[in-house]
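Letters A, B, C and D mark the chains as written, and numbering starts fresh at 1 in each.
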Amino acid sequence: MAKTYTFNEVQQHRSPESCWVILYGNVYDVTSFLPNHPGGSKIILQLAGTEATEEYDPIHPPGTLEDSLPPEAKLGPIDPSTLPKEEKSPAQDGGKTKKEQEEESEDAINSLEECLNLNDIERLATKKINRKAWGYYYSASDDLISKRLNNSVYSSILMRPRVFVDCTTCSTSTTLLGNPVNLPIYVSPAAMARLGHPDGEHGIAQACAKFGAMQLISHNASQTPEQIVADAPEGQVFGWQIYVQQDRKKSEAFLARVNKLKAIKFICLTLDAPVPGKREHDERSKNVGANLAVRSSVQEGSASTTSPDPAAASGGVGKALFAGTAPDLTWKTTLPWLRRHTDLPIILKGIQTHEDAYIASCYSPLVSGIILSNHGGRAMDTAPPAIHTLLEIRKYCPSVFTTIEVWVDGGIKRGTDVVKALCLGAKGVGIGRAPLFGLGAGGREGVERVLEILKGEVETAIRLLGVERVEELGLRHVNARAVENMIFDAVENPGRERWGMWVRSKL
Amino acid sequence: MAKTYTFNEVQQHRSPESCWVILYGNVYDVTSFLPNHPGGSKIILQLAGTEATEEYDPIHPPGTLEDSLPPEAKLGPIDPSTLPKEEKSPAQDGGKTKKEQEEESEDAINSLEECLNLNDIERLATKKINRKAWGYYYSASDDLISKRLNNSVYSSILMRPRVFVDCTTCSTSTTLLGNPVNLPIYVSPAAMARLGHPDGEHGIAQACAKFGAMQLISHNASQTPEQIVADAPEGQVFGWQIYVQQDRKKSEAFLARVNKLKAIKFICLTLDAPVPGKREHDERSKNVGANLAVRSSVQEGSASTTSPDPAAASGGVGKALFAGTAPDLTWKTTLPWLRRHTDLPIILKGIQTHEDAYIASCYSPLVSGIILSNHGGRAMDTAPPAIHTLLEIRKYCPSVFTTIEVWVDGGIKRGTDVVKALCLGAKGVGIGRAPLFGLGAGGREGVERVLEILKGEVETAIRLLGVERVEELGLRHVNARAVENMIFDAVENPGRERWGMWVRSKL
Amino acid sequence: MAKTYTFNEVQQHRSPESCWVILYGNVYDVTSFLPNHPGGSKIILQLAGTEATEEYDPIHPPGTLEDSLPPEAKLGPIDPSTLPKEEKSPAQDGGKTKKEQEEESEDAINSLEECLNLNDIERLATKKINRKAWGYYYSASDDLISKRLNNSVYSSILMRPRVFVDCTTCSTSTTLLGNPVNLPIYVSPAAMARLGHPDGEHGIAQACAKFGAMQLISHNASQTPEQIVADAPEGQVFGWQIYVQQDRKKSEAFLARVNKLKAIKFICLTLDAPVPGKREHDERSKNVGANLAVRSSVQEGSASTTSPDPAAASGGVGKALFAGTAPDLTWKTTLPWLRRHTDLPIILKGIQTHEDAYIASCYSPLVSGIILSNHGGRAMDTAPPAIHTLLEIRKYCPSVFTTIEVWVDGGIKRGTDVVKALCLGAKGVGIGRAPLFGLGAGGREGVERVLEILKGEVETAIRLLGVERVEELGLRHVNARAVENMIFDAVENPGRERWGMWVRSKL
Amino acid sequence: MAKTYTFNEVQQHRSPESCWVILYGNVYDVTSFLPNHPGGSKIILQLAGTEATEEYDPIHPPGTLEDSLPPEAKLGPIDPSTLPKEEKSPAQDGGKTKKEQEEESEDAINSLEECLNLNDIERLATKKINRKAWGYYYSASDDLISKRLNNSVYSSILMRPRVFVDCTTCSTSTTLLGNPVNLPIYVSPAAMARLGHPDGEHGIAQACAKFGAMQLISHNASQTPEQIVADAPEGQVFGWQIYVQQDRKKSEAFLARVNKLKAIKFICLTLDAPVPGKREHDERSKNVGANLAVRSSVQEGSASTTSPDPAAASGGVGKALFAGTAPDLTWKTTLPWLRRHTDLPIILKGIQTHEDAYIASCYSPLVSGIILSNHGGRAMDTAPPAIHTLLEIRKYCPSVFTTIEVWVDGGIKRGTDVVKALCLGAKGVGIGRAPLFGLGAGGREGVERVLEILKGEVETAIRLLGVERVEELGLRHVNARAVENMIFDAVENPGRERWGMWVRSKL
């Protein structure tokens, strides 16, 4: 039987030559695994010699340890009495500045019941989750310009309510890729749900089941797809998000596994983040609570190298998730490859220009739909909000709307935001941070509260527009001139000629 | 003779099976009335077993109790000595945040005399009224975007003063639906005036009489129409606002009663709030001072139901008022029905698009006028300010101005705001919150101060424009380009073709 | 010889029946003068029975007392020992809020030397002058929207500097109405200079002499024209501003007096304030330091009267100055009348639309020039900045620039502001508050500092534009697109047709 | 051997008749040099009688003393024990206000490692450098409007990322005037690097060498060109900036010296500051730590003189640098003169209009390129950001881009800013303040950190745009409509006709 180790013994193994960590009460020798860690070896070395369960658990699905390490790597149990006493957790003050704390003290929200809108949910979650989770959920690229634009663009669009219309009945039901759903709102494939609450992605699934909402499962989910869809009722709709791995075999294996799950109705291929953006909130929060040397992501821009180095991707939770993601996807090669490994409908996430929307529509029926998304402002800062791209398509190539389904995500805070996107041509509207903050605020019930709030707001908005069903919503119901005045103007950009050639070269 | 009850006895009856409340010193058994309460049974159950007069009185006209309950429901007097001692009233601090209080402490306004403008009036009223009234008056939907737009849109319009014009005399007189008035400003039909001051709607009527201003009586007035118009001098002009009830018989009975009042010159049919908006300030303030379980309005958006449930409408003062309001009004059915029950001119309130304005004008002479209104930003948030709709009509169907009268409301803070609306085509300009805050600041005299301030500002503005009578005001007197650049652009919205069909289908 | 009075005796005479005041150490019986006071009797009654010199002196030119009262009104000297001890002057804290004081404490400016720009001058003056003067200088109408626009419009115009141009020499000299001046900047006719500093308008004249700048003498100057131009060197240029009085004889007498002063080269007829605007800062500050009953200007808008009542004009320093000003000026009657009483060139101040600019140009040569002005934002709030009117003229009737001289004022803070106005077509640029704040900051030397700063900034700006003389400045030197996008758009305003008729009716 | 002097003796010589200063431990008699000092005699007289090394050293290249003074001027060593004890250095609190200090205390950055972006670098440098250096680096003209526009204009341009593009490899390499460089980013010719850190310009050169970035050496560098390029590796690219001196012989001598340095590949002629702007931060900070009488730059605008007086140019570090700079450069005279004295390519810095860009292109091949620059907002305030000029050229004379190279500088904070400029037509992008703050934050290593951060950000941005090489970047990759709506509109400016004549007159 395995011997019991002391913390002091483990502390001797903190180098690439011999690297031990403590996980779930056992000591593991992970030296041989270092070069294979998808997140790079640095992240593990930073935790070498320590009790790393708190760091490890919420971002790895169960079974990861067993899949990655040979049995002999598990050396034996740690003697808990030898572990250092935990210091005051940074999570207790949430790691926020004095100003942030002060703002919160006024007008406090302490329960889901008191949350009347999505901002309340975020405020409640911010109190409850630790700084690391907050940093990951809150963060966006660079100066958060796209994130802010995502939110503010909806406020600048005005509604055009019709009167004297019978609004006795009203329905939020629709179909997404032919699947009936009770809401035009779906949960976007956000990673790491257990970071905010142990209910994790499965908790989100339960909430979606209650409201008949669709859920996209993140490739980086902290639970396995099988766990997430486990007890889904008949008719619940899931999609599965794929980040194609540099090692295509891994992706193919995962696809084969997903193909077997009947609840998963389509594959969502994410394109908007071929390389990680720079999320400074995330990078900074990473350091809190772990007294570790940090090598920031900006060091990728080193003097001597110009190809992306996954081993250097140590700039926060977000960067770690990108390890192993393939940067070499193309229209002509990736789509046929993907079709060979699944019969499920394919939807492309991350379209940010009307040109790419048009190309995608040319690939119909191989492509069934697109998600206009700037990755929640987390990839390229100053990338356009989805609403810009929606209006660009409307202006330059409206045929896209009749060829494939167009969904949008990013910045949804209100039911009116959802309705505005639908009016401008979206068939589905994704929410990413909201369900994560819902989880953080109260687990599964917090996500239910999010959906309950949005459903109520959507119904009110539809009724006040004088409409019964979401399918009736159209351009005439909104005044988007403030945005129309700001979208890409082809007349001022004669470079479009050459661009037409470029588009054709992709087909 | 009825026995005297103790508070403890009353406290035993707090369920749907047996529900007692104390009102005006008497105990009432309202159990049988619970299912019939227009505001839903929940509101009553929240007050069950308590002294509810403070909650009940300011929002029910006299006679309501007698009309609604059988004589035997009045059980008998309460023994006042058994009532719990009142806690410090929330009104004493007004329920405002520290920051709000601090801002007020500087530059304090303590009397009507010191009020130089409408913001001063609001500041003074905010000090005097309780949090519930403040919440109801102040609140608007969601994020208050429409409310803020209502205010700011006027500031963005510039005046174009003419010089070298004799402005010795100047008159603010005009006619509204043919009735001579001394001001182009009228009081909008805002509910619950006694919430702010016991003078209530009748106090407003007295102030209007003094200034020759027109008043619209709210369907939800806290005094009866008869009381309000009681001592109106010859020539004072009133309108009466109707929210059509689901039980049409009730509406017909009310119309019959109103038809008898000679001071009421027209009926104003409100269309902009077929379902209640979501007023979070109002919902939050509702809870202050009453330690009651709250079920927020957002729960309407429940997982299983998609039709509005009046019983669930417990989200604040505003929601309660909507109970029983019919959501099934239509051009083709409601107007003929209304004409059958009154010979008075009909004006439609809540038009928010040029399309609906045009349809209304096609119903002339059945329709005599329209009020462009987004319900003070209280129905659909991000609905357009009335000025947007005014400019839309000007652009797409200016014939409306010569067919029916066009009035506007929302966001009026200055005499220049009034004049700008008149320049752009409005015949009358409504003020809603201002007279309510005037009431709160000083009863009838506060409303007089509001009218006095506005009249003075309007006269100064007219003189500086080089105009003698309000009828002379025109497009040439304002530069509204900042707004013209923002209104609905039909060119960018090819959906208008189908819309034309829609318009024709309503006629 | 006159007896000596005690304060107690004087205090007995505080009614319209017997009204005494103490001025310059003597007691005056002003009862018979009450109905004739241009500022209304109320203002005097508020000071009845008191030592009023501090109130009286800075706003009345010398000789006023002698001209207005019969010799017997001067009753005799006051016994100074009987006067009440003065309380702590409100001027010591300047009457400003804590926040204003705090902001000043940081980065303090204590001398003219330390003033590097006009904001520094204003900050220094704000410290030195009393609240009444500050209120009068700072105030503008209503919400100060026009005042703020006046400032911000210049910041939104960009310069277009030319390079590789020899800028060794550079001159700020120009001519105004044919008179050579060293600066294109002139001092606007602002009233009440002695309110800020005893040097008064004569101090401004001395500063202007030093810099070769033109000065317009206010009709409401606190010194007589003779005093102001007293020691002007050969070639110094003055204009005299006239507010036509309701009693035309008074105006004619004043014109006869001004015609004799050789230094005065033209008459400036002010048109932009036929009735006073509403300056709330001014009205509020009026009450500080004088424990008097106040009847605010808003009471003009009384229920029963619609013609302006000078006696009621008691809303601050500004309102008092308007007393007796004629509101019945017209193109056809006033210009010929004025020409009959002076041979000097006539310039019209207060043009705010291109239509009026065009009419003025049609009256050339009777009219020699116009000043585009919204009265420093002090008449109609939301009136357009002069730059708007300048661009309107440029767009709709550019011939005005070649027919008459066009000057502008309002919002000048920097030399670049001056240069921008010149580029857009202005021949002269007026500064109003700046010299008053200069006076407040340091008397004559403060005004010199203002001119010194502006001259230096103008020279730098001209050089960096690659220009030698101000006459070379043109449209090509600025990018005013931000403003061009905002000016009155005739296309959107079909009312212009009727307006053309209106214009013709004035000729 | 020279005698040893006491501080008291030196203190006796503080007049234009006898002026001594202490430098590097020796006493110098600089009386005869006073009239020849390029910065004017005043600056020296302010330091007369004192130990001036701290003031002198960081802004004069080595050898200056020897070149400027005859050997006998060096009187002998000072007795250090007689020097007054140094007071608390203003640098210890950085001379910043309380508010500035407070903001810094939160979210503190203490090492280069912790700097994730250029704002972090500036924050760290602000802590470390003294107030004088901070004032010089931070300052811009007047109200800092152009400086702020420089920054904000980039945020208002949106990216248009392409997806499904292989971004495995990506290169930031390009050529500038035919010289291969690893970055499209170069260091702008900012003066006085040793003010921030003793590593000075040579430290910048070492950092540039590491990253293959180009450096422009300031005419006012605090080290000699020979020192700066001393150990440059083969292939490192430098340019040398010339401010043409009024005494052309001096300029010619300097050019002859520069011509000999092989590392210097071109001459950059600065045109955007023929006279100094007014940098108030710089002027104010000058006074801190030196108890000297100050004569502000605004006094240039004196009543009697209109030609620039170098001796009066004492308004801060910036003004001192301008002393002796020629204001009489012209297209027709200066370019041929410059060609006579160097064979190196010539690039013109400071173009701010498309007209001047077009003229420059007509002078090709005499002119090889232009730098669009408003001198970092330090010359004319409200001058346009380089992006405006770039879009003007694109709109009115795009042939410029194919005739000469167009570089831009001003306001670069992010890699996305760099990429946006390249998309709109820039070939190179200059950074000025960033490397200076980098120096201040950590000497040579701080500059390396700046380049490392920017390189990383540029690579991420390029990849997310779906581009491999910077040459592929084009108009289709950005949505600059917010800026396009704001640039100079020729249609609204009919003065362009005459301007065409003007342009032709320069050729």
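Everything that follows uses one rule, which is that a contact is a pair of C-beta atoms (placed from the backbone, for glycine too) under 8 Å apart; a residue touches a chain by one contact, two chains touch by 3 or more.
For clarity, every value in this text was computed on a predicted model and none was experimentally measured.
**Q** Look at both sides of the subunit C and subunit D contact and report whether the same residue positions are involved, with over half shared, or different ones.
**A** Different residues, largely: of all residue numbers at this interface, under half are found in both copies.
**Q** Roughly how far apart in rotation are subunit B and subunit C when fitted on CA atoms, stated in degrees to the nearest 5?
**A** 90
**Q** Using the average of all C-alpha atoms in each chain as its centre, how far is it in Å between subunit A and subunit B?
**A** 43
**Q** Could you work out how far the Cα centre of subunit A sits from that of subunit C, in whole Å?
**A** 62
**Q** Do you know which subunit A residues sit against two or more other chains?
**A** 485
**Q** In their complex, what parts of subunit B are in touch with subunit A?
**A** On the subunit B side, the touching residues are 97-99, 142-143, 145, 271-278, 280, 283-284, 294, 296-303, 306-308, 327-331, 334, 348, 350-353, 355-356, 359, 374, 379-384, 388, 485-489, 492-496, 498-499, 506.
**Q** With touch defined as at the start, can you tell me which subunit B residues reach subunit C in the complex?
**A** Those residues of subunit B that touch subunit C are 106-107, 113, 116-117, 155, 157-172, 210-212, 395, 414, 416, 448, 451-461, 463-465, 474-476, 479-482, 484-485.
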